[in-house]
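Here come two complexes built around chain A, the first alongside chain B, the second alongside chain C.
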Partner chain A sequence: MTPSLRLRAAIVSIVLLAAFLGIWHLATRSTAPVATMSPEYAKLMGLTATQGKSAMPGPLDVGAKLWEHFKRPFYDNGPNDKGLGIQLAYSIARVGTGYLLAVLVAIPLGFLIGMSPLLSKALDPFIQVLKPISPLAWMPLALYTIKDSSVSAIFVIFICSIWPMLLNTVFGVASVRKEWINVARTLEVGTVRRAFTVILPAAAPTILTGMRISIGIAWLVIVAAEMLVGGTGIGYFVWNEWNNLSITNVIIAILLIGIVGMLLDQILARFTRMVTFPE
Partner chain B sequence: MTGKFISIEGIAKRYPGAAGGTTAVFENLWLSMARGEFCCVIGHSGCGKTTVLNILAGLDAPSEGAVIVDGQAISGTSLDRAVIFQSHALLPWRTVLGNVAYAVTSKWRSWDRARVKAHAQSFIDLVGLTGSEHKRPSELSGGMKQRVGIARALSITPKIMLMDEPFSALDALTRGTLQDEVRRICLETGQTAFMITHDVDEAIYLADKIFLMTNGPGAVLAEVVENPLPKDRGRTDLHRHPLYYALRNHIIDFLVTRSKTFVAEKPDHDPRNVPLVHIGKPGLTIASGGEEARQTWIPGTSPGLSA
Partner chain C sequence: MSTFDDPFDADRNLRSGCVCGRHRSASEHEQAALRCEPVESVEKRYEGVVASAVMRTMFPQDAARRAFLKSVGASTALAAVSQFFPLKTATEVFAETGSPEKKDLKVGFIPITCATPIIMAAPMGFYAKHGLNVEVVKTAGWAVIRDKTINKEYDAAHMLAPMPIAISLGLGANAIPFAVPAIENINGQGIVLATKHKDKRDPKDWKGLKFAIPFDYSMHNYLLRYYLAEHGLDPDTDVQLRSVPPPEMVANLRADNIDGFLAPDNICQRAIYDGVGFMHLLSKEIWDGHPCCSFAASREFITSAPNSFAALTRAIVDATAYASKAENRKQIAEAIAPANYINAPVTVLEQVLTGTYADGLGGVKTDAKRVDFDPFPWQSFAVWMLTQMKRWGQIKGEVDYKAVAEQVYLATDTGKLMTEMGLAPPASPYKSFAVMGKTFDPAKPDEYVASFKIRKQS
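What follows is the complex of A and B.
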């Protein structure tokens, strides 16, 4: 009996991971010749010079450092030395706030635009121009008008996550099956009740898909935004550790950004499944 | 039976055509139905059958003319006129019970949950879906979905039921059972019904009156054929009735040839007084003897030939 596809896929995944870690480990071994130097000088030069160790950390270094972070995720030793848990919490809070504000604006507005062909046509040129603007391009304008870097980062998240949600809501609302609308019409269902009992559930999968695209973009943008505004957050952490020349911490941050992004996407994917009903 | 429960009076439907002109699907169409009557419309695609039904439902407005239901001109849709859609149009996020209950709460907004549920349940039972009320449409077969559609339409106790080829998407066996159900329910409840069909046998089995429409554009209601078959007809022995083939041939003849030539042949056709055809009664020629002799019944085959 052949094992299930799931199991076989898992085995292949583990093999690939092991191969990747193995190659990584071999590539970063201590192979360079060791220079002889005075102990005082060697202390200043670090392991690269004294033991021929590669400047690039190996998987074991990263693992050890990661374990350290796991043991103390929430320590706070002042502005430039906070636990990874705190940094991630800052980033997630910023993304959450900006994203929720975008949801509150995009979905009702998308509903209105989707239900009104006039608004749809009138607002289309604005949306088409605003949509392709890189969210970071808004940053100077936000800093100038808001005068607060943290709020500016939230604004950037807001502006980048609004477009996919808005466009998907408009599309979802405008393309509700004519028959379902006709069912509501023949039952003399009023506009408000129709919006909530027919249009919203019918458009929900499309709206949720927009929300899923948005959360992905928001998580991409927050790293860049925090590198710019500084202070706190996982993006700032990456830049700060680069300045500290701690490649190990940079790699750990990259890994965590990926994992959190995946979790956010999975949460939205689950919500999408909850509102999607096959016919 | 009252004379005119539903009366379509001189309706027209025109669409803007090429070069600034208009194309009329039909002009000056008159049609009436009595209370409790089951009427079928037969005609080729594009003759405006669905448009007539949509106008009756209030989903579409006529370019001219009026529709009077129970003494009142209609404007827009109404809970008095229920529609059974060809594609069943169930809301996939609601269960069977939820779909029917949605219609019930739309009609009786002040009803509490228990009352709505009991009312909806009674109609689910009526169409034979007891036990499936908590399933979603995706878990149902095509026939069961259409049963839900029927239950939803009936649950609001409409004055008239409008059906746009409700069984055309179903397989022959399911279609047959559903025709039986619809006939049983309509006879039991005295429901007035208006149905569009392409299936001649379906019309003969279900309808009291069959409306024949010529080809569009510029379609006219050519004839109203009265069904001569007894009220207690059954689907399986329909074809044994002496007038069955006469009626069937009359309809098929119309669909095959006369639907195209009717307008040219009858320039004096008065749309307000459409001839009422009684099959098998004096004054009408029916199929010749030789033809009748050839039509022998072979057991196990469906007499069905759809247009």
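What follows is the complex of A and C.
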């Protein structure tokens, strides 16, 4: 990318953002007509009813609230009310645990399956059936059998993020170019050595692509899981604020979920670039 | 003389006595057996027990005690002894039953005003007062709170009044014996309709509408069905009933996905506060004094930690008694409104708890009993719920109404605790009441079920 292109892209991005914020502001500023009511009655009602204020917050409301959260991200008012920083840390820790467990299982298993055409054909239908199951569908089953909600949340992340990694590992290992394996064979390289020095480097980009898809899924799952299980985490924060019909806080949470998801994806993208090789 | 007698009576012997402890000898007891009256209150009796113990320690020789009392008089002696030995404190310590086996407890709740006693007991110190360190944990929905309590993540929890019965019977879950030591609140629900239906106040015009209820095993479900059926609508065929978690009800009403709901409060008032609905009817007008939510624990917890359970029940009963007083309601609304607890505007909670509320149609109404608090777990409530479970086909086959009610609703134990706390529990755990003018006799549940024209045919 040439510098001028980068600059132009940045300008277009900023213009788009400004346009979006502007439309948002205009759309939520308008007030609906309100019925006249006695002051005594009005005192008991919310702003939507008394002033016809839009139920949707504008960008300024969200900005002000966001600043409030940034000023004290780590407060702790008891088990049901913690700062956004703490909530995000809980979510990231859960995602990290579930995801690492998935990596530890998926990659060795994928290797074994990929090296054996028989196994890879035999297990394929199971993987295909298990892959599209939603995290919310796993949750009741996990809660019922594991009998611990925080372990259940981690299990759900594990079970949802394992499939793309497994499939990509299998695919990567199975599609290593035959010539390279044959060369290794001619040189009488042992199976273990062949796996680590020939197949692993050759399959690494595909495996990492699978890992990158998986981290995205893990982050998608955590919000749903925490909304259900509750207690801590960014998903719980969304649920708790929804409970209070505080759309402002829900929008802030959406924004933060997006940013953290992007960062996680970027980290994996960097790793992928490190192992990519030109053919 | 024994533990329950007056140690400041010079004419009494502290060492020997009769079986009941109120006579000097066994023979005297025999003669007076019929006149033997109980001590006025448990507290008085404890005071006697403690004082006896103190006097016995001070005067190992009974003759010396009598001589001392004769020379100074009983009241002076009592005052003198109280001077250097705090009889009151000693009595209080004695009255506390064994110390709790487990002090750090977790109690789950759903953020609605029904949970008021459970929630307020944390910030207002009722748990601490009874020697417990309780963490109240907000939970996402009724099914989750059920699973977490069954999984022992929670020691006890806030449940809809029929839930412990359903769990004990194995409806919608594995059968696990649960028990209810206290009712959280009575009344405190309402039927809210979307503002566009403000001219459709007659339930006969409600054919085809969609209503939300919080859970299948809820008083809300049974009351809404009862109300609709009394107006000639079959709730299974004429309207749609959907199980929707309370917080989602307001959003769904705004989005026009439902036409109304019978929900627990602060949700009803919240819909009005946000200008999306109006209060059609308070549940109080269907059945004044109906139970709504309960405080529940598994039998396993009760047997493994009986003292913790007793202390927990005492804290809840104590908090409920405090909440039942109208003058405390404003203070409670402020205590439970923060994000850590219910997470709702204080105005909304105040309107629910004080009973002076906006009805959503431009009027301000007052009903001090809109929500009320009375912990006693009437077994007749449980019998009524069972009749409705039967009526709507949740229970198939025969039910032993009384046995289930007595197993789940711990009226006797709670009655005992309430007496110990100086409260007056009712004499019988069964009472008759009227639902929309129709009297319910807990002794004849089967006849009651059969008397309804609209019910699920089994």
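What we mean here is this: the second predicted complex is superposed on the first by the 253 of 279 C-alpha atoms of A that agree within 3 Å, B and C clash if a C-alpha of one lies under 4 Å from a C-alpha of the other, contacts with A are read in each partner's own complex, and residues count from 1 in each chain.
What we mean here is this: a contact is a pair of C-beta atoms (placed from the backbone, for glycine too) under 8 Å apart; a residue touches a chain by one contact, two chains touch by 3 or more.
These figures come from a predicted structure and were not determined experimentally.
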Contacts of A:Pro117 with chain B and chain C, given as first, second, both or neither: neither
First, second, both or neither for A:Thr186, with chain B first and chain C second: first
Contacts of A:Pro79 with chain B and chain C, given as first, second, both or neither: second
Partner chain in contact with A:Val229 - chain B first, chain C second, else both or neither: second
Chain B versus chain C as contact partner of A:Gly258, first or second or both or neither: neither
Dominant contact partner of chain A by residue count, chain C or chain B: C
Which of chain B and chain C A:Leu143 touches, first, second, both or neither: second
Which of chain B and chain C A:Pro108 touches, first, second, both or neither: neither
Residues of chain A that lie at the interface with chain B and also at the interface with chain C: none
In the complex, chain A residues that touch chain C: 35, 37-38, 40-41, 43-46, 48-49, 55, 77-81, 140, 143-144, 147-149, 227-231, 239-245
Of chain A, residues touching chain B in the complex: 177, 179-180, 182-183, 185-189, 197-198, 201-202, 204, 275, 277-279
Residue ranges of chain B touching chain A (in the complex, touch as defined): 57-59, 77-79, 81-83, 85, 87, 89-93, 102-103, 106-107, 136-138, 156
Touching residues on chain C, where the partner in the complex is chain A: 111, 135-141, 143-144, 147-148, 150-153, 247-248, 250-251, 254, 270, 272-275, 338-341, 343-345, 347, 351, 356-358, 362-364
